[in-house]
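Take a look at these structures.
Next come two complexes built around chain A: one with chain B, the other with chain C.
Right after this comes the complex of A and B.
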């Protein structure tokens, strides 16, 4: 065992392996950041639509609610495959990474919209009325009064969701995206010991999640101190 | 012509009527107190007037102009002339006292930020809180928050101010400081319509007292008349119950 690892070491600890793993790491990170970033923006749009009261938005409210309820109940792997087949029908040239990023966005939108919605609802109705009677428009009261007070409720679970989702992007390997988990498998197929291949993957996942997790925890304590910061 | 004219105003939540045809007019510079048992519709009347609760029928006009509560533009125009202070202050928790006061003048009246800030500091000084400009609401006592809320309402330069039980959520020792602020305000000649349970204050400050019950105006008159020689049986019973305490 030790002998094998010693023998493989010169071939494994090379610039090539590092570049290969680095590329895979960047794909994992890219899927997560693009998917969760776009998902956050779209999720916020859905949350705002669901809070609206205007009559002409009633169909949009129903659609938004249906989307959120549906996509939170489909396994991520199924979303990936659905996106793969539907996207390939329209845009056969889109990269697998792009398809995976779309799938992450679809799932993240549904989850993050619920997190944003809970945050917006944590702001007392009286704050909205206070803005209302001063003549502020709905948009002004949203951006200046409601959203700034929602961050402390939104950010900690949103960051935790993103950290958790880093791991779920491993499922994109089923599509053939060479992300972190897949790269471990490839290294093993190249003849390296699984201890090297997946050991490296394990360490890289940790290095990716740990600082983000710490940041989420830091945000949580910082925002919990006071309502206004 | 009265400044604020309320004719046959009704409103209700989900079919249950709260206001049953209120008739009331407020002249320029008048200070009118609404009294009556809980559930008589006093606070609802203020909420309907400022456009937070939709009326089911009736007519409100301000300075001769009818208000259309179904129209956002009409309500917005109304809110440039009428302000309200709530029982729970409703200060924006994410902003300092000064920012709370300056926000609406800058965003809705188009006042230059520097001018709004100067005016905001003046208003804070006038309610005795010149040194609290940079404090956040959760760093202020209830009485201080309520005085900031009054300053915020005044920053819109309203011609009529609605005060909805503004001392009811305060510690007893904080009530006096808020009432002093309102007393000083009444002397400036602004029209006020207020709901209060501080009967000695109502008696002292009001030009007219309006007794409400079951969503209607039962009786109205000068404070001396309402408190010492009420005409209606309902008013007699209410005043009697208060004075016995």
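Right after this comes the complex of A and C.
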């Protein structure tokens, strides 16, 4: 096996391979950033809708709750396949990367909405009632009272979720998005030893995920400290 | 979502010849993992027989070529939706496909034969009809159903890519591949140590055309004309020899080229659930397998996790380091790639795991790392006050563990553990990518046969929802009864 690795080394450690893996890495990152970014915004909207009290929003509350509850119970792979085929009817020109980003958004929205909701609920009701008494509108009380206090509770688990989702995007390889996991498979199919193809990919995932994970953990301790001050 | 899917009428987007000429781009779907038909070369561009044919077709139409990497199962839906104008990739002309798409005159033949190794002492394909033989095949290929008819006895292993079939034989997961020999024999180069054999007599010959959306008659006529010319001047034969190193086993006849297609009308995509309902028992049985995978991975993972959590809290320096490295490696890399390694790389060092075992072991190792973190959190969260109180009360080590520590730990970790079990149920769907016939794998099997992907997967999603709702409900109930864990 060592012989094989030595023999393949000059062909593997080339600028072409590095560029190929780099491009794949950027696609993995892009899917995660776009999907989780959009998912965070949509998730926040859903969380706010679910927190609302207005009578006319009752159907929206039910839909938002159903969405959050159901989409966390469908495997990401199944969401990917469903998005791939249903998007065809509306946007046949959308790239596979775009399709994967939509699937990430759909899944991330559901999970991040729960995280946001938990954060919003960490602010005691009494404060909202206080703001109400002071004559603040619902929007004012959200922006000025709830959000400034809850983002510290929201941010750490949201960051941790996004880091976690970097790894789940590997499933987009099934659609044919040449992201990190697929690039490893392509290298192995080209005849390289799996130790090289998958080894390189595992190292890259680790280099991407570990520092970001540490950052999320650091965020958690930092924000927790400032909260108890 | 189901309702929404059922109510919308899907518009048609197939681009006519005029549109293609106006935009100046012909979009051709080729399989990215199918050398020598088409595959990514070292410089990152697609190369192969199909790519050369597509380029010549685009030249004849006077437009630029845009290649769209398209997996086998996506070809028909992509044509119907208009994502691609033409579908290549050895698209066999079959009645099922002809119900949804049109075909040009044949581009090449497909002579079905047998690729095997010296391990299997057979000389004719008929001798393969034995229960102790495993035939490998590719999902979405027409040969799957043909095989079931001609060789019913052997076990079958379904994989996702062309390269995976030959790899499966090289690694001893399967004994033979019954397929178009020309397409697959190229992969045997990757395994020079194996004594590869090709049995001489073809089982039968099928024809592959270029797929076109229904009703796209002008494009079909133009493509037919271009193909007649390319066959006539010997270009296609020459390209075949260039990429396959030999002449086409059975060439396309002049009579086939002369046939003129009838005009067709687009039928469009209408939702049709009738092909899914009869498969519900098959899917439900798949759900049981998904659950099995999740339960095994959870129990084994919990054992690893507990050991690891204790080792990190109480163990020596080396043990702590090893467990810490294990946890950070497995939580910072995708479970999918971990299973890739178990399934595709381990055979190189002589460890040959069946797909089911590879998926279960991969998920177990992954679960072990996450559960170690959850359990460690639970142990750390036992309050020293409670332990001191137990001390004051004069409780022994055993009593302290059973009456103070364990209840506290269980109350902390029960809900995270239940959620992680659900994560594992959903994660078991990864098995589908390795040919494990759990719920998602079965859904892929069904949809490649009935070409009703959205319907099949919408139902599959619903089954997952019901499955996990029931599981969550049972777990929450058990928590309340057994450990007085409060509901969310």
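One rule holds in what follows: the second predicted complex is superposed on the first by the 226 of 229 C-alpha atoms of A that agree within 3 Å, B and C clash if a C-alpha of one lies under 4 Å from a C-alpha of the other, contacts with A are read in each partner's own complex, and residues count from 1 in each chain.
Simple rule for what comes next: a residue touches a chain if its C-beta (ideal position, glycine included) is under 8 Å from a C-beta of that chain, and two chains touch if they have at least 3 such contacts.
All of these numbers come straight from a predicted model, not from anything done at the bench.
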item: Chain A as common anchor, with chain B and chain C clashing or fitting; value: fit
item: Touched partner set for A:205, first chain B, second chain C, both or neither; value: second
item: First (chain B), second (chain C), both or neither touched by A:145; value: first
item: First, second, both or neither for A:135, with chain B first and chain C second; value: first
item: Inter-chain angle, chain B to chain C through the CA centre of chain A, in degrees rounded to a multiple of 10; value: 150
item: Which of chain B and chain C A:61 touches, first, second, both or neither; value: neither
item: Greater residue coverage of chain A in the superposed arrangement, chain B or chain C; value: C
item: Touching partner for A:126 - first (chain B), second (chain C), both, neither; value: first
item: Closest Cα approach, chain C to chain B, once both complexes are overlaid on chain A (Å); value: 25
item: Chain A residues contacted in one complex by chain B, in the other by chain C; value: none
item: Chain A-touching residues of chain B, taken from the complex the two chains share; value: 50-52, 76, 79-80, 83-84, 86, 88, 90-95, 103-104, 107-109, 136-138, 152, 156
item: List of chain C residues in touch with chain A within their complex; value: 1, 5, 8, 10-11, 13, 32-33, 39-40, 42-44, 69-71, 74, 77-78, 80-83, 160-161, 163, 189-190, 269, 328-329, 331-338, 340-341, 344-345, 348-349, 422, 426-427, 429-430, 432-433, 440, 443-444, 453-454, 457-458, 460-461, 464-465, 468-469
item: Touch list for chain A against partner chain C, complex; value: 1, 16, 19-20, 23, 70, 73-79, 81-82, 84-86, 88-89, 92-93, 96, 167-168, 170-171, 173-176, 178, 180-181, 184-186, 188-191, 193-195, 198, 201-202, 205-206, 209-210, 213
item: Interfacial residue positions of chain A with respect to chain B in the complex; value: 126-127, 129-136, 140, 144-145, 148-149, 226-228
